[in-house]
Amino acid sequence: MHTFRERRWQTFLQNYQNRARLVISCPDKPGIVAAVTSFLYEQDANIVESSQYSTDPEGGTFFLRIEFDCPNIAERKQEIENGFTSIAQSFQMNWRLHLHNDIKRIAIFVSKEEHCLLELLWEWQAGELLADIALVISNHEHMRNSVESLGIPYYCIPVTKENKSEAEQKQLSLLKEYQVDTIVLARYMQILSPNFVAEFPSRIINIHHSFLPAFVGARPYERAYERGVKLIGATSHYVTDDLDEGPIIEQDVARVDHRHHPEDLKRIGRIIEKTVLSRALKWHLEDRVIIYGNKTIVFH
Amino acid sequence: MHTFRERRWQTFLQNYQNRARLVISCPDKPGIVAAVTSFLYEQDANIVESSQYSTDPEGGTFFLRIEFDCPNIAERKQEIENGFTSIAQSFQMNWRLHLHNDIKRIAIFVSKEEHCLLELLWEWQAGELLADIALVISNHEHMRNSVESLGIPYYCIPVTKENKSEAEQKQLSLLKEYQVDTIVLARYMQILSPNFVAEFPSRIINIHHSFLPAFVGARPYERAYERGVKLIGATSHYVTDDLDEGPIIEQDVARVDHRHHPEDLKRIGRIIEKTVLSRALKWHLEDRVIIYGNKTIVFH
Amino acid sequence: MHTFRERRWQTFLQNYQNRARLVISCPDKPGIVAAVTSFLYEQDANIVESSQYSTDPEGGTFFLRIEFDCPNIAERKQEIENGFTSIAQSFQMNWRLHLHNDIKRIAIFVSKEEHCLLELLWEWQAGELLADIALVISNHEHMRNSVESLGIPYYCIPVTKENKSEAEQKQLSLLKEYQVDTIVLARYMQILSPNFVAEFPSRIINIHHSFLPAFVGARPYERAYERGVKLIGATSHYVTDDLDEGPIIEQDVARVDHRHHPEDLKRIGRIIEKTVLSRALKWHLEDRVIIYGNKTIVFH
Amino acid sequence: MHTFRERRWQTFLQNYQNRARLVISCPDKPGIVAAVTSFLYEQDANIVESSQYSTDPEGGTFFLRIEFDCPNIAERKQEIENGFTSIAQSFQMNWRLHLHNDIKRIAIFVSKEEHCLLELLWEWQAGELLADIALVISNHEHMRNSVESLGIPYYCIPVTKENKSEAEQKQLSLLKEYQVDTIVLARYMQILSPNFVAEFPSRIINIHHSFLPAFVGARPYERAYERGVKLIGATSHYVTDDLDEGPIIEQDVARVDHRHHPEDLKRIGRIIEKTVLSRALKWHLEDRVIIYGNKTIVFH
């Protein structure tokens, strides 16, 4: 007997067994799309979605994401990659080929606030979050039951000023053991060290509970209340060494008014936070997000 | 001395003198994108934007819109079109090539409600509506001054049950004389005859003052009030012979509540109507809208 | 040891032990507010929120909702109600006095689609849905575990054409047994008989998966897809004998485009549905919704 | 012969000749609403709208705005004010009584960016901005024709570092001459001196072209572009001596993405700016905005 999620994934994997995506960035010049699409045509691939962007047609950087169907793509991946190498070299491409069925493995980090974790778990159960949730790491115990009851490993690693470095070593060792690709900070209230961040470049996604760059740092809802703003927001971004300064993936806002106390802002904000994080994560999982400098190109 | 609009257009025309767009629909099968982009590459064209959609990768219809820069495109248009013909035939393409600098000529039809016309005139003056407003036709006199003061011809053609056919003949003859490409019904409260519509297939854009298919027909705001809806909307669509049933280009809504009387709904609705019409018209002018059956594909 | 919800409720009940609300409708005439607020003042009540609306200051209907704090309101409720009777009679008022701590008992009806039920259960666990979920009734078995694991009774009553009347009798008997005040149809795909509806006048809340009055009836997402709308929506309304025609409490929409298949519309729609239903239910539970004719006044 | 605006205003003035509003703030304690509404009842007033807010029922500040109809209010205003004085004193009220037909006189300040001015002029012509536009002051000449053609005086007062104080003296003298109540900075790109601001406390409304507190100061769209935000916004606030730090009246946002250059952000931003400024100004004109500390209470 299978869960709802398993049945849904089975259908998905079957439907998309021939689907792959090619993500490219390179200096812009004429002929890129022609070269790539001709190559794909020769491989019997049928393009089903294509997005492109150039920072500047003259001397800029060109970004391309193509989804295509190709018979037996799973077996032929290596062969196709080999064939593509010469094109890639001639255009100085930075590129990746992903099979749709190679589902990314993620770790979710969480502290006391549970709404973002619960949203991801719920979407995962519903078969709408196409990721393997390899494990959940928290500095608190209280979500253990909810997580383990779904068959997902839960590790509680308390973090203090004193043991921070040691705690991060434990985390990194777990991430390695579980072969994690992407880390989701689902309201994890600890700042990661530069060493940690360096281990997962452009692969740690955070949700900040404000409309960045407004209210960088701590207590954003209290400060939003004090400033008397009429909209509050949330921002999902990649983590870099500069707190709340990494490339923004997605943002959203909700309307508030003078009647709302900080507790109300938090309640309203929770809905924005979980929605924004979920959207950003899904785009990342489908390789729709490309980092360029300190910004993102999102092909959605 | 030039107006703000003229200076802005001059800049635009200069910036985009090499820009063109190719809009294609055809049966989906592998190799379309490769063939088209290879052809463009051979013409020294650099693709700057590309959008595509397939109703079904297997046996469906494929839609493609490509913007590209190509030196001397204005002089070479005919040559490029000739060169493209064999590709087009081999894929059974329905296709058009447009120069960015070939600005469409539009006629605006209006009755008593003036907000949609005024919005279009204002955006045109600001250089943001890239269309030649060839003329304005109304069944009332009262907007003559506002229109003529901008140097745009204004024709008042009253319409009654009795003279409707005759009035439409006058309108059609003006549209021919002014070489009009697209007609905008900016709250023109008359129903066009099938004969008239047949003269401008897929080139008449209407704004309906409701969130279609809710409140098809007359007095939508009064009916929205009676039904007690909590959102009102507007819909811009192509005109067909079936009243308010043509392909929808764009829709939007605004929140209302129990305090709003029909007059308030109309006031709030005016802002939605003019915004939605303006968006839909601009997409149409840039050939971003493709009609497929009774629906639209909008590449924005 | 207490759950998160229990601790949160305890705080709530303590904070609001002196809070009550008075909801009034009557023929509009001068002096109503003065009479009511003077009366409350004499009872040592302090008004903390007040909303009013008149359909027409001359000869219309007046609606008033006042929240106030009053020491020992729980013990004094009967006495205050007795005292208010003469004012109520002199203005021909229809009125109700509710203590904030008298939490309403609700029954949730559900079929196969689970997202609305799960949203309500999750908000209830989080302490944000202030209702006693007395029981869940479904015509299917599959949500039993999720519901019972929270300590909420679950009854599966299959409904067919043949047993419909009998099934409704069972349901009504359970609703009576569990002293249910309000019924929530959380995507319950059965039409209730007029007899059933008559037992809970203005106390059955439905979520319809379209932006009413567009797409009344079955298969709204499929029909939205066929019509090519650019926004889809959901509507929460009170149930009357006319299908999907009852007073609307809340609506919302989300943007879609040509790439979305009916399955995508359903997925996007699920988020709107659960959000809209949750908002509508909360307003109802706080007595913020007043039915007037076939419309609602919502004091939020 | 009258303009559209004049006819519309005539209707308005007639409809609301008996309408007034009373705006009160005072220390919160029981009995305020009862005292005020009883007083109004004794004056034969019928309350048609009432809004209230308390920062804290125990020891906080209470805000009340009541709209009422009262026969011959224009003649009786002084008498009613006199009568109300003793109530006001006993509750230590800060209060104002306004007739609906006492339309406020405003001055619009503008620099080179014209969209906000044009929006206000257009709404004024349409009869939807109920203000006397006493004059327009600019540091540039180029909007003179548009303004004077509507019969509104236009003064060009160039401002440089050297003549700033002198220029402000000229402005203040004009504002006095024209008996201006409220100043609207419709993208006026000069910073007003503390002396100037002190002359119009809480009566200068600015539109800032960012979602404050993000991007305080100059070049917000360029900085939004550099930060890679996914939403841009605008903020209307009262002017204080701290740049962009005054009480916020209204804010709104629009979605942008990686394809938008600073010029696009400005174009999209113009629509938000003019909409937000117009909403904020209208609420101010109807005395719906109350300043409390560095925040606003908006009763809309």
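Chains: A, B, C and D, in written order; residue numbering restarts at 1 for each.
To be clear about the criterion, a contact is a pair of C-beta atoms (placed from the backbone, for glycine too) under 8 Å apart; a residue touches a chain by one contact, two chains touch by 3 or more.
Because the structure is a prediction, the values reported are computed rather than measured.
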Between chain B and chain D, which partner chains are common?
A, C
Which chain has its C-alpha centre farthest away from the C-alpha centre of chain D?
A
Between A-B and A-C, flag the pair that has more C-beta pairs in contact.
A-B
Per the C-alpha means, the centres of chain A and chain D lie apart by a whole-Å value of 43
Between chain A and chain C, the Cα-mean centres are separated in Å by 37
Return the residues of chain C touching two or more other chains; collapse runs of consecutive numbers into ranges.
none
Which residues of chain B touch chain A in their complex?
28-35, 37-38, 40-41, 44-50, 52, 54, 57, 69
Considering only the defined contacts, which chain A positions touch chain C in the complex?
115, 118, 122, 126, 128, 267
Under the stated contact criterion, what part of chain A meets chain D in this complex?
53, 211-215, 227-231, 233, 247-253, 257-259, 292, 294-298
